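As written, the chain order gives the labels A, B, C, D, E and F, with residue 1 at the start of each chain.
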Amino acid sequence: MTFTIQGVNRMDHTLTKLIENALAEDLGPGDVTSEATIPANSTSTAFMLAKEDLVLAGLDVSGAVFHYLDPDIQFLPLAKDGDRIHAGTEIAKLSGNTRVLLAGERVALNLLQHMSGIATLTAHYVALLNGLNTRVLDTRKTLPGLRHLEKYAVRVGGGQNHRFGLYDGVLIKDNHIAASGGITQAVEAARKKAHHLLKIEVETRTLDEVREALAAKAEIIMLDNMPIDMMGEAVKLINHEAFVEASGNVTLQTVRAIAETGVDFISSGSLTHSAPAADISMKIK
Amino acid sequence: MTFTIQGVNRMDHTLTKLIENALAEDLGPGDVTSEATIPANSTSTAFMLAKEDLVLAGLDVSGAVFHYLDPDIQFLPLAKDGDRIHAGTEIAKLSGNTRVLLAGERVALNLLQHMSGIATLTAHYVALLNGLNTRVLDTRKTLPGLRHLEKYAVRVGGGQNHRFGLYDGVLIKDNHIAASGGITQAVEAARKKAHHLLKIEVETRTLDEVREALAAKAEIIMLDNMPIDMMGEAVKLINHEAFVEASGNVTLQTVRAIAETGVDFISSGSLTHSAPAADISMKIK
Amino acid sequence: MTFTIQGVNRMDHTLTKLIENALAEDLGPGDVTSEATIPANSTSTAFMLAKEDLVLAGLDVSGAVFHYLDPDIQFLPLAKDGDRIHAGTEIAKLSGNTRVLLAGERVALNLLQHMSGIATLTAHYVALLNGLNTRVLDTRKTLPGLRHLEKYAVRVGGGQNHRFGLYDGVLIKDNHIAASGGITQAVEAARKKAHHLLKIEVETRTLDEVREALAAKAEIIMLDNMPIDMMGEAVKLINHEAFVEASGNVTLQTVRAIAETGVDFISSGSLTHSAPAADISMKIK
Amino acid sequence: MTFTIQGVNRMDHTLTKLIENALAEDLGPGDVTSEATIPANSTSTAFMLAKEDLVLAGLDVSGAVFHYLDPDIQFLPLAKDGDRIHAGTEIAKLSGNTRVLLAGERVALNLLQHMSGIATLTAHYVALLNGLNTRVLDTRKTLPGLRHLEKYAVRVGGGQNHRFGLYDGVLIKDNHIAASGGITQAVEAARKKAHHLLKIEVETRTLDEVREALAAKAEIIMLDNMPIDMMGEAVKLINHEAFVEASGNVTLQTVRAIAETGVDFISSGSLTHSAPAADISMKIK
Amino acid sequence: MTFTIQGVNRMDHTLTKLIENALAEDLGPGDVTSEATIPANSTSTAFMLAKEDLVLAGLDVSGAVFHYLDPDIQFLPLAKDGDRIHAGTEIAKLSGNTRVLLAGERVALNLLQHMSGIATLTAHYVALLNGLNTRVLDTRKTLPGLRHLEKYAVRVGGGQNHRFGLYDGVLIKDNHIAASGGITQAVEAARKKAHHLLKIEVETRTLDEVREALAAKAEIIMLDNMPIDMMGEAVKLINHEAFVEASGNVTLQTVRAIAETGVDFISSGSLTHSAPAADISMKIK
Amino acid sequence: MTFTIQGVNRMDHTLTKLIENALAEDLGPGDVTSEATIPANSTSTAFMLAKEDLVLAGLDVSGAVFHYLDPDIQFLPLAKDGDRIHAGTEIAKLSGNTRVLLAGERVALNLLQHMSGIATLTAHYVALLNGLNTRVLDTRKTLPGLRHLEKYAVRVGGGQNHRFGLYDGVLIKDNHIAASGGITQAVEAARKKAHHLLKIEVETRTLDEVREALAAKAEIIMLDNMPIDMMGEAVKLINHEAFVEASGNVTLQTVRAIAETGVDFISSGSLTHSAPAADISMKIK
């Protein structure tokens, strides 16, 4: 199996566990209907079909579900992750044991529909920023166990990833500031304790906080839930001495205006926690 | 910890694994920001707050996240699953080690927002059927690893569960029918092979198929993607000799009209795969 | 590896874990005797041999043990599950690395002897019902971790499976009845709460209970530990309006008489919890 | 929980995994019957009851099943492992949540009945050797995953354990002898390679082999499937220069005669692989 | 249990698995010696004793070993991690079940001796830099499964941690440079692909490479295996526009001279892969 | 993969888990540097190179790391475990995907350097006993999770293994003696409880204890921390009626003198807990 999310084949291992758990959840001790009605050696050909326009993400993952069940299943991709697919397009051809095709169908589609849903929504956001330098970022607002697949789908849709977790980036929020006695002290503490390859981002809500973060030499300044006017002022204040990330109240309606303030990044949890599933089905011929 | 989904405490164990994985995904080798800026023995009080109207689901689950991290965290529910919550309402009070509160915040909210999103959407569907006997059902279109929590949230929202997986109910679809040589043969085969405590449901697309399923004594007949008129005829044909389930093209716009045909059940994948997250935040005071 | 219990290859995974644990239990950090006395590259041919008459079950499972240890082992079945084997018959030929053959021998035989023991005992029960429509059922009285293999062996021996666990069938017993306030109420509660693809079975001990279960439209009525005469009356009372299952005091001596009352099913825990191991050995040539 | 098999509490961990798997197998996603018919907060008292004469083994283990499900269950032993119990005796009193009592009942009894069956059968063998010095040993013919519990039950019944696996004792069989070029060479090789705390046992089938094993200074000599007369001669030949273990054709009918030849140990797989379950039930009052 | 490495109690979980595996490795199916010679209810008091001068690290970890085996063991620390301990000092008092004390002794000491060995060696390096601003860093040259404990021991000894793995920092080495077509291109690629909270370090071997890394605005420049003179020149060239890390040929003999060139960090694998175990024993009184 | 430590391929499984954990520790969610700078389809050739004289151990293990990541990596050994390697010698050639080579490099080398370090140190000890019959033994002083690899490395270096854990040999120490009431009683108890394939070793500190252990017919007598003169006397006293093992104060300086007393075995924890890593690197060409 050649699927890799970020990097080498080892990622297959994490993916394999996820697939194993998902199949255990759906199959339990076995598919009683197929066992009873379909001969053990029956073979079929099936197609995955887009039922609405979408940006495809997760095709290899869905193939991996069938591969896990039975390496003899032929899974022939007719498109690839990142493709813009029109309703009615066949996106994969499968052939092999009929019981296996039916056993894997639901889990494979559940993953593919969720990931394509995220990629499709992300692409909508990205398209709205056409011509600007602002990048769309995801957040840590992901579904338990699915973060890496969801963040991969965001990249497929043209977005960028924020940090992967609490461990690979310093993001100082109000509670950290309060506990440290101020932005200056919090940045200083982070500079001293975190290892030397991690940058420091500070969340701000007022222009005074922006000034203090800037003075403390934060490498990234987040503007959290600021009115658009204030964002514009903050961008001017910061004047490219730090990266600027806008966060809060990001919708398809507001994203362009936010970007036009000149922020470098706009992050939104909705990319991952509220993207509706893309409509994809599987038909056995 | 007293959380149970369906039945006894053993479910805690499955839940514990899910929480463990979700925290591993988010925390990795540690929260570098809090480590650097918050004293190890700092304690705080926090509140979970609804930021929009919602039906609450998953409060015990979110409490279990903190309990897993540190049994000394006090998690005081200010509402309970199933409650209709208004924007601005505090739904839980937490107190304990500040680092722990921040370490659990995101995972707890990710679960709570997803589950409450499902319960809220389900409740909308249920409300639209007010005065009718038709029940709203979920499907197997769930997110990998989250099926039991999602199906619980559907129940909290007033819906009913369909079978949990391929193992606890016989649902004969077109592929099974084709492989068996017809509806009659497929039902017969299932009756013979599946154990005697499982009922048999048959998916139909035409009135002829409905007639054949009825003749074969299927206990439940699914009307799949039928026009509403045809559904009405099917209901008359079946005449309470089997349960009737409608499936396909179910939206908030169509659900009432479908129910008024007299079907017993309406099932929809959107309850679980496309419910937007409910907006809930956690604030440390 | 092509072994499947009920359904697709995914079951291999559960089986693989069982084999892995069994080998870990037996091999621990290594086979000190073979390490010391048998060259690492020694190869041999071996035969599995029935030492008494038996119904074979588990041959693929025992092959899977060797496959797990070393995919290069050749495991050639000379018979198949369900075959009636006479004492002295060779049932499989193995060839490959000698240390591997010895490392897998005990675990493979332990499984094969247990499963064949169950199939053989089941076949005895089934043979005693020759000419009748009554079917022999297993129960949940299985050995921890081995339920699926044991229930498979029952099928191989000609029996049928009862529900697999507490999750895929409703069986209302005295405690449920007492807690609900009566058979009628218990059946009603189950009808409302359990999903619509599960049938309801009620355990009864008197003819009055049978009448009440029938009135409540239970789909299956269990006659628990009833005298044979009473069973006969119950069967008449029920008159094919529900399935009838006899349970309790089932032995090779009583099973025919019980069946002749006209019950549909007879269930017995002894099939799985008290079947003596079939005598099978492995000889290296 | 205070159950230990051999040694410290760590064994609890292995036991916990076994219990966890057994409950997952039986409960799956939940007990649909109890969920529907028994209120979540219902409490009950129950008794475990011997329904035939038996030697009790596994009472703590069965208590651990309930403890795993719910630490609030009160499990009061009314007897202890090793006790000879008469039919009709109550052996434990349980009280707590009714759903939990029903959820754990089957798994707890499956373990208790199997272990007590082994202890009871072992005790029969031991009783037949009354007045002799010969000890009854188990073998590696155990059920996958249950070896430690089964070997514990053998000890409870008055038997002794043979080695636990291939890793903690050297037992040279015909294949090892053939591969090494003779008993002498095989013993020598084992003496050199196995670590210095392991003794060496040699399996023999003729008096010549016994003589060679003795000359090679094997610490234990196994007499495999020898006629009783030959065993007597072997015992004389060996003359206490090595321990003597008899194996093969050991039944309740033959065991006394075998022992009277003067062998030190008699080993039999039937103790673990063919002991019928002891009849024990649980009744809720 | 209150042990945390980096952050919240969740780390206990990772630690618990490590302890569980280590005990399984050492105890296997049980401690045959203690089982035979020490009564199950025997209790004792024991002391951990330093047998040479050392910097203590891992005391809580070693306590966690006993806690895992038996929560009733009293583990009273008589010193704390980071303390400089003289030979002959008692560092912990334990009391509880004797078998448990002996079962945990070896695993607890193996961890404590290894971690204290690392802390002690690190402290030697740190002491040699007295009065300078240069910090001692560890590397990824750690023992599989022990990285977090080893990196914790480095911090206890006064060192700092480098990145934890390949995932939380960008370190561009010769192979990355070759594949990208040069330092400039490699830094650019990393800036574009890695998320915005990660800094970029470049490994250099010549002053030309240092100049190119500086021009590419690498945030950290590693001087790999450079002669000391060249390091001095590199430090001047860089002139505080990037952090400077020296690596290669770092020994107790060379570390001071390297630091005096003015580098910010010196990293050495020997801290973790070659620190001899500190001599600590446990005595039962 | 053909690597076996002690016995059959099953050991691969344990090794696979260790490799999986080690890679998870190092790679986490991915290698951000290689992802950014090296094309996904780039391929390279690399060499592992000894940078000092060493005895090689773990080459197959290090190959298994790459095999785990990607079975398409070609790993060509240019030497084999047990070879004495001179500085500058290439010991393996690797070719395949560049990202995979870099992803596996550190874990493979960490294992190889540690194991070769142990083999090299063991070989030094063994060389010092040239011409004598005394054998060098390891102990249970190993690093958690690495015992089997470390004990394998000791064998590769020419040493022998002591028991693998507390489960496969009886070693009676002072605490066991105290609890039993004396050496005689402790040996008797062990003889009765431990199974009949385990020998009994007794730790002694005085000649009186040696005499008592000898009288109790201990099969091995350990001389613990005795002065060399006393060891000589003990060896004479024992006079080949038991094996003699010397322990304590074993260094490269003392080992020859200890051996010359005539002891059969000398055991030392330093072989495994204090062997410095052998210097080995990997270079991509």
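We adopt the following convention: a contact is a pair of C-beta atoms (placed from the backbone, for glycine too) under 8 Å apart; a residue touches a chain by one contact, two chains touch by 3 or more.
Every value quoted in this text rests on a predicted model; they were computed, and no experiment measured them.
Chemist: To reach chain F from chain A by way of touching chains, what is the minimum number of steps?
Modeler: The fewest steps needed to get from chain A to chain F is 1.
Chemist: Look at interface B-E and say which pair in A-E, D-E or D-F is its repeat, using the rule that over half of the contact pairs are identical by residue number.
Modeler: Of the listed pairs A-E, D-E or D-F, the one copying the B-E interface is D-E.
Chemist: Using mean C-alpha positions as chain centres, tell me how far chain A is from chain D in Å, no decimals.
Modeler: Inter-chain centre distance comes to 53 Å.
Chemist: Chain C to chain F: how many Å between their CA centres?
Modeler: Using C-alpha averages as centres, the distance is 45 Å.
Chemist: Tell me, which residues of chain B touch at least two other chains?
Modeler: Touching at least two other chains: 27-32, 34-35, 103, 148, 164-165, 167-171, 195, 198.
Chemist: Report the residues of chain C in contact with chain A in the complex, numbered from low to high.
Modeler: 4-11, 13, 148, 164-165, 167-168
Chemist: Taking the touch rule as given, give the residues of chain F at its contact with chain D in the complex, in rising order.
Modeler: 160-164, 167-171, 195-201, 219-220, 243, 245, 264-265
Chemist: Write out the stretch or stretches of chain B touching chain A in their complex.
Modeler: Against chain A, chain B makes touches at 18-19, 21-22, 25-39, 42, 44, 98, 102-103, 106-107, 109-111, 113-114, 117, 140-148, 164-180, 186, 189-190, 192-195, 198, 269-270, 273-274, 276-277, 284.
Chemist: What residues of chain E sit close enough to touch chain D in their complex?
Modeler: 20, 23-24, 27-32, 34-35, 40, 68-70, 97, 99-100, 103-104
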